[in-house]
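Okay, so here's the structure we're looking at.
For reference, chains read A, B, C and D in written order, and residue numbers begin at 1 within each chain.
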């Protein structure tokens, strides 16, 4: 299998694709990103790296950060985190408050916004947001083996300025006793974690711990890695999670900045970025690119 | 790996398990089944068969039939079936009518009842229920390589007698133009397909086509097999699908009769049966048994 | 107060009104009705009758029949009917199935479709639909003092042909034990009761028993009359009930045929008909006409 | 009619009633109120005042304040307020966030919490909360003809401390552009308005403007009075509004402090207080007392 050739072909196809989806525009920093961007990077279990396009251009990882904060929170709290957040697909939009009401403030899973706020709240745990953010950055930098990963302060500020829906979720969960820190602090931390910027290369490297192979850095136990991958498979693409599993067949997590992290257990960590989104808020060309890759490599976990 | 020993140990543990869940009691035929039953059978890609407990006792496959009817309907209609049923987890109970209302009569996926009714409606397609049921049975018998698979008429009659919720779903979809045959006919066919009885051994053999290996009978194309497995992973256990993926890490489909069919792509087809159900309507010991098996064999698709 | 003059002025205004709403078109018989129709009739407590426009043209009373069947069912069963149907506004569309699910098959009130089906089911009570319909017709004819009131069989047949949503509601309630007769029979009876045709004059006369004055025929006890009026006030116009109370300030019940029955307690019974509907399914000009009438007469119960 | 005797009899019955409901306990100040309290006061159109029990004991008016803020906001903004809040019963609990989601941040009516927050937000309109509260108090004092009406600061503080659900509603509406002031300010103002304390006598006097008779102080136009009464009838008792209309037949507004203000148009203003609540959050004995009063006086608007 000539992975370099496969990836180059995908890069060429995506560079020329006419229908690229719509860039998120709820904050000016995301709305201004050029939809022509496309980047992809793959790190395999044997340490090889293959990439194409804008793989070295930083982008806003947004909800992909939820994978790292979940791994971090589980490492600190262990399974008691699951008393505060579920493990089921939600069947609703990423920021829906509806299910929270009928389920008494326990979010469906850690990858919808409400669940990610619980995760961040568990990491915050009474400390200053600055400290929690330092810890999150240290985890990601260690995973990527790269200290040049930072928060974009303008993005964080814009998230804050338009963050009422997340503040509503946080206050709602606090009313149910499922938010331990003041909502403004937890949301502030969350807005900053979403504003972390990484390149495809950095993100693919940071995802190596989810491959679960023996030679990769073991930030997380093999059993927990399996479970993180299971959650990414069933819940990683909001209300398009079933579609991603159906088309791609890999655990993955998307962000509204147009990035996707996908894992081939025991085999590869894949990062892809294209800013245009589909109707479910997932990268349109990013999804297509991983689908092409899996088709060419046979990497689906279902075959 | 000594699979026979692993399976025997699991059989022994499950036979002695004190907490066995509650047997479904909405029809007398299911309510009368002894919760002490436990059976498991595994067919591997190389043709080996391992089993334990009541692996040769027939049980009501119930919703596991949805996997076979979906494969059959896709084989006949191809992807146009997806215009009538979605591919996303529902986040609600298996027989919920709520989402149907907000989504205009298009069920979330083919494994909730509404979606399975659409699938059966597509197979029925104006023919007599008897013919459609004959086709369904032929498909399952061919998959299992065993003609001794039958419908239990008493179960089918009881399903019919208590089938108002499914009739409500069918009429509701018909009101939205998504039920082509009279609801009584489609539901009648569906009640009979749910009343098919199989043993664990028959079911594990019937699941071979979902392994996707080259030596297994190819009832369905490799791409479709991947997609069926993806749907089983994200939607196969009703509102406990996330939990099954989290604990077990295999595509699977459960039935309210206490059976589970789980697939290890390229490697094995697993059938397990224990009549007691958990709060989501999935076999309690069946789930635990497959979890034990995956732990011992490393068969999770996520590692 | 010159009621004749007031009513004539309203008739003239409505005859010339350019925006008349949209005629219901889910069955051909309703869709073919000329939207130019407008009729109004008022019977006062002292027996005077005033009318204008097409007050002698029969129209399909549709959901207005629910008032009469409710009075009839309460007369037969008394308050035990309230164990099967609630008394609260629903906040949802007239044919919504959503609330039924979260409230275990007990409809919110007798004026949404599900609640009206329970009422009809209570009248049916094991008898043949023909007998139940005879009883309903006798009640209405007695209230109107007019035997020339009939069911339009073509309308009834069309209702039946498009009745899947009501059949879904009925099967759903039967699954919850709240439908005693076979859904096909209860729905069949209901479709026929909705197909009763009356003129504005007949309907205004039939509503006299809801005025509650001492000189009117006492089909129903004064306390029950108050309660029927309360239900008409809070629930009589589907999801536009609040709006009707706000604008008009009278208990009323609308039908998708464009009729409205409104009651001025102790004072008058009002029937109005104009086939064009607003977005909530209530007669657009009919509502406006009653609003004009109340403004001119000071008949609001809130002043 | 001997109103004094009727009221005295009701007072005696309520004082001895064994089943008094449960006092609200979400804040200590309400939880500590003695459920033995019962008070009732009536002011008639001719200026007579009749009262019984603890009619001179101040209690927390809570949601009854919503009637006064709505009158005040309508007086200032006129009908443009209705672009931000609806006029339909909600069919859901007073503090539900569910409907807000499907209806894009527009609350169903001004008497559920979300709608009352919009009303208060409209009064606040960029001013300091202290000024808005001054205006609200001035309105109520003018209506009551009594300057000895105050905010209980301990109650206001407790509301604030447990106000996360209201803050969630406010942030949610702000995310939809339907909250003009910072949620903390609007909610702070709202928590203080709910903490206003009045006696039954003061409240009955303050309700005179809703009687709509010509001799009463005209704070509000007759048409607006009719509309306020209509809203109180259809929406004034949360998810028990239909029940209050059914049993009592008067426009009314309840508060979680156990107070109810009910209006007999053209005839009387009624205030009742008993701290124990029914399952819908409305005063249990208060409702019963007004029901008794209406039965004895024939004051239902529906007769």
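Keep in mind that, in the parts below, a contact is a pair of C-beta atoms (placed from the backbone, for glycine too) under 8 Å apart; a residue touches a chain by one contact, two chains touch by 3 or more.
What you see is a predicted model, and the numbers here were worked out from it, not measured in a lab.
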* **Chains in simultaneous contact with chain C and chain D** => none
* Asked: Where centres are the averaged C-alpha coordinates, which chain has the largest centre distance to chain D?
  -> B
* Cα-centroid distance, chain B relative to chain D, in whole angstrom -> 54
* Structure fact -> Whole-angstrom distance, CA centroid of chain B to CA centroid of chain C, is 47
* Euclidean distance of C-alpha centroids - chain A vs chain B, Å -> 32
* Asked: When you check chain A against every other chain, which residues touch at least two of them?
  -> none
* Set of all touching chain pairs, with the criterion as stated earlier -> A-B, A-D, B-C, C-D
* Structure fact -> Listed in rising order, the residues of chain D that touch chain C in the complex are 86-92, 99, 108-109, 212, 222, 225-227, 229-231, 233-235, 239-243, 245-246, 249, 251, 265-266, 300-303
* To do: Mind listing the chain B positions that touch chain C in their complex?
  => 96-98, 100-102, 162, 164-165, 167-172, 174-175, 179, 183
